[in-house]
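Each of the next two complexes has chain A plus one other chain: chain B in the first, chain C in the second.
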Partner chain A sequence: MQAQLIRRGRIRRWPPLLLSLALTLGATSSAFAYTAYVTNERDNTVSVVDLDKMQTVKTIQVGQRPRGIVISPDGKFLYICAGDDDIVQIVDTKSQQVVGDLPSGPDPELLALNKTGDLLYLSNENDALVTIIDVKERKALAQIPVGVEPEGMGVSPDGKIVVNTSETTNMAHFIDTDKRDVVANVLVDARPRYAEWKSDGSEVWVSAEVGGTVSVIDPVKHVVTKKITFSVPGLRSEAIQPVGIRFTKDGKLAFVALGPANRVAVVNAQTHEVEKYLLVGQRVWQLAFTPDQKYLISTNGVSNDISVIDVADLKVIKSVQVGSFPWGVAISPE
Partner chain B sequence: MISSCRFLPRVSGLALFLFLVMPYPSLVPARAADPAEIRIGYLHLAESKQQPISLLDEPTDDDGIAGARMAVEDNNGTGRFTNQHFSIDDMRLKPSDDAAAAAKSFIDKGILLIVVDLPPGMVLTAADAGRASGATLFDAGSSDDSLREEDCRANVIHTAPTRSMLADALAQYLAWKRWQRWLLVTGSHPQDALYADALKRAAKRFGATIVEERIFKDTGGARRTDTGIVQTQRQMPVFTQNAPAYDVLVAADESNVFAGYLPYRTWDARPVAGSAGLVPTSWDPAHDSWGAVQMQNRFIKLAHRRMKAIDMQAWTAVRMIGEGATRTQSADPAKIIAYIKSPSFEVAAFKGQKLTLRDWNLQLRQPILLSDGRTVVSVSPQEGYLHQTSELDTLGYDRPETKCKLN
Partner chain C sequence: MWAPQLRKPAATFGLAWAIAFCVIGEPSEAATRRDPDWPCQQIKVPTISAAAIWSGPSLEGLPSWSADQDVADLVERLAARRTPIEDAQKLIDEFSDKAGSQKRARLLLVFAGVFEELNKQRDEVIGGLARVAHRQAASADQIRDENHDFLELRSKADSDPNKLKELGDKLDWDTRIFEDRNRSITYACEVPVLIEQRLFAIARMIEPKVE
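Our next item is the complex of A and B:
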């Protein structure tokens, strides 16, 4: 028996086993909806959010203090930093269970996967190290000393450079992934949390949470070419604390999560001018697009929800309740 | 298969050995010049032998200086990338020693950035002695408002919060709780009276009423007696009885004579705040928000004990110097200080927002933690206390009230 399912005008063939699995797992839901996986730092869980229904459909128990989360390019596995357990857990997205772990080194917080999904880069905050993990072999390949309290991790589109940010040293460290060595350091503002590359590799943006700025870095010359600042009328400047950054695929727009300012800034990625502030939930930290870039999801730690932003309209269209203190978010490729 | 897959056991012995004996080999490219050296002095008193009420609060030999040492490590972490190296010279004084001579001996060694954990009088003596030579002091230990007001100095930067900042932080929270009727109990030492003054000012500013003030006289005696508990249990209820109706007992006891005995022993069933119970402070060993866990872990690794407020105040002072050196790319004390005093200065200190300097009296703006000794109950300023410049300026004396005239 073969079945055909239709979604967004596409016809797909499903092998019988998968179909029966899909039916048993969630017969009531549209089997091809994008799914958002949200780590809840305080609950030790991951909320599974159906983005067609716009609601949380399941909660997965994971390790202690889950924060950074990424999904494999094929959508089969989630990798979750369980910081207080000193491991990265692997969650099978089908069975929605923890199926293993990776040797992360102590206190992993944030991680990044290369494009092919075989190498994982993560920061060990307590030890000022970046660890490179071979995902298939489940083993650590190298540890690279960086500045004090490393956090942000951005892999370049060609996979050759990883940018790591260190929160107390206040630098972006450029790591050559072949040499497994730091090749350049760029000073940015206080407490850099996140690094994101433009898809054409022309710029790296680094957010400074306490400094309140985003530094635009030329990845060839290793210099800050522009500092983006934010200002929201009626809001004290200390409340503006940029963390997560995302670019649209066409490189035209950037979205910056502003922490306790409870807003996501929309920035023209070419002129670096802030165009708009979108009001979301409280203490917004991380962002993720749906693969079609129709929606952008933000995690709002204090209000225990995620906001769904319509990217074309630049409007917040929905908030969805998740667990306690949502931190990171990853979205299934289909 | 949830197994403990830690990294270290998996690395081969040799690799681990190399990693440990050659820290950061690749991060320091061949450089023509040696790192620029930034030397910092640290002046403090010889260890106090005064016994606290709780055994848990016993002073340690490295109070304060341990925080400074950790900041030196943190600064050197950055210095690896900027070719700067930080070090600390530590000098201990007796209360009878001449702080001016101590400051001069640092200056003779070329040390112009000096962190001090000293009583107010000694801070002023050292500051005035160092002024002509361009020395700047970082006051990490004194909460005296007068050092930021009538006795302020252009070469003294304060990382310790003032009594008025601490009192305002507490008063804002008590106002939020609507515990607006205070029974104030003040110790009989001069510093207790100063704290009581700050609390009275805070009560007035944030709408609390002091229903009565009582003085607890220090009659001396040892802290440690084997059956002391029996007497204390009877003494404290008697001392607090027959008070007008009140919501919270606020104690001003910087001398640690009695406040620690008040919780659970008041005549009426009332919470205690101030010098015991709910205590306003710049740091608490239980503070775990805004990345503070990393700070706590690093400190325990270094000092083999938990981090106290004085450690945090000294850490912040040395980190400020580190920020100045990194941002100016200079080891010149004058340039570092000029940066710290400039509007671009800011420092991150695990308080959820940047800390900046009040330009009118060189006091570091900072949120204040309210701790019950086990957890951080709240952090002030409380929501809703607005200010045109910074909400942190709702804590302590603000620009329009200041008596400070720098230079």
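Our next item is the complex of A and C:
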């Protein structure tokens, strides 16, 4: 079969060999042509990492102390918490420049977008608030009081509930996104840092950095149904500080970043048993999958790099140097 | 050159007051929890455990790394911070190529040696920081006393202007030294982390060769 290419109003025929070559190359490049954007907390930049070349190809100057970062569903914009500037900055991924900001309220740290990409939920660490922002209008719609030092933000798959964690109050706050109010509080272990929903909405996992655990929460009954603990031979328990969490789309595996343990735990998301520990870089903070879930990226705050984990093989295959104190990571949808 | 007499006394009093009453003043809850041996903002990690940076074969029960002269030479070069980390991989590769049939065992010894040496360096830095922390605490005490004496003298209507100037200059000088040392501490506090980074980078270079 011969393919046709419409170009400048003309129809060209491609020979079969060339076509198959083009398809092969195209398939290869599309499978690896993802870009990772990494916030560097110390040097106020975002590293742009080409995941095909596995190297940093550009550094974007942003506001002070960038940490939380998300990308719009269409991949056109990054939203970055510049905590010490008290703003969320918008970066155009094409021009790779800051093109505006959002009224975040003071000291934004982590943020989450809803599926359609029009509402942003972020935690204001110093003011014990969660702010909801209309991204298109660039205005704050509401501020919801939560516990002391709010941090983790997780939007449910149906967008109806946002879970926020408060570091000092040690709670996961369930916020109804229509009512814009807290509808339930669940006590978890000390210093909860991150909340992540399973893709079927059946569980929310909350990591506790000081407690060293991950609480599995039933989001309907609002109770902790299981606490996952971690143990690495030779490491003191206080060196194990769970932070970022990610689930595979099929809900079978979870990955938990363990901070100064320098490891990512691989957890069976159905039995809640830890299956493996992967040594990544120093002070691992956050995690993000490539959209095809072939790779998982971890940010390593002390070794100043990101680690690339092959998800099928559960092996660390590469580390890529980025800026100083990498913290958050977002990956382009294509 | 710094000239203490050019500094405005008022500015010095303000800083001295801050040192005397805020830095080492009434012990707050946070201050009482503060480790007197640790003047850094970074979380103190007394020792690096091998498990934190290494998932290769155990380092327990190995023979002495220093008994193998080639191993000892490489350990010395890798542990020296003047050896750029970019050169470390080359040195390890060269050693590996020439290490013979006991290559894995000898490379494991190299890592054991680097681990021991860099932990030792780190201990020395942490010990040095503790000494500086104590010296700063003593300086802050001294500045508080000098500040008290200065304010007392100044409050007297018949105070000797020469004596007042002498006390002011001394306060100024000691405060300046205190500030300079604080700046040095900020830099020195980075050193333990730099050593950890180096150790981890070398672990990453050696581990794939001994697995």
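The definition used in the following text is that the second predicted complex is superposed on the first by the 302 of 334 C-alpha atoms of A that agree within 3 Å, B and C clash if a C-alpha of one lies under 4 Å from a C-alpha of the other, contacts with A are read in each partner's own complex, and residues count from 1 in each chain.
Convention: contacts are C-beta pairs under 8 Å (C-beta built on N, C-alpha and C of every residue); 3 or more make two chains touch, one makes a residue touch a chain.
Predicted, not measured: the structure shown is a model, and the values here were computed from it.
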Simultaneous placement of chain C and chain B on chain A, clash or fit: clash
First, second, both or neither for A:Met54, with chain B first and chain C second: neither
Chain A: partner with more touched residues, chain B or chain C: B
First, second, both or neither for A:Arg236, with chain B first and chain C second: both
Touched partner set for A:Gln143, first chain B, second chain C, both or neither: first
Partner chain in contact with A:Pro103 - chain B first, chain C second, else both or neither: first
Touched partner set for A:Val224, first chain B, second chain C, both or neither: neither
Which superposed partner A:Gln282 touches (first chain B, second chain C, both, neither): second
Touching partner for A:Thr169 - first (chain B), second (chain C), both, neither: first
First (chain B), second (chain C), both or neither touched by A:Leu314: neither
Listed stretches 2-10, 38-46 or 92-100 of chain C, narrowed to the one that overlaps chain B: 38-46
Common interface positions of chain A, toward chain B and toward chain C: 236, 239, 260
Of all residues in chain A, those that touch chain B in their complex: 86-87, 89, 98-107, 125-126, 128, 131, 138-140, 143, 145, 147-149, 166-171, 173, 181-182, 185, 187, 189-191, 209-212, 236, 238-239, 241, 260
Contacting residues of chain A [partner chain C, same complex]: 232-236, 239, 260-262, 277, 279, 281-282, 302-304, 319
Footprint of chain A on chain C - complex, ascending: 45, 49-55, 193, 196-197, 200-201, 204
Sites on chain B touched by chain A in the complex: 1-8, 10-11, 19, 23-24, 26-27, 74, 77-78, 81-82, 291, 294, 297-298, 326-327, 346-348, 352-354, 390-392
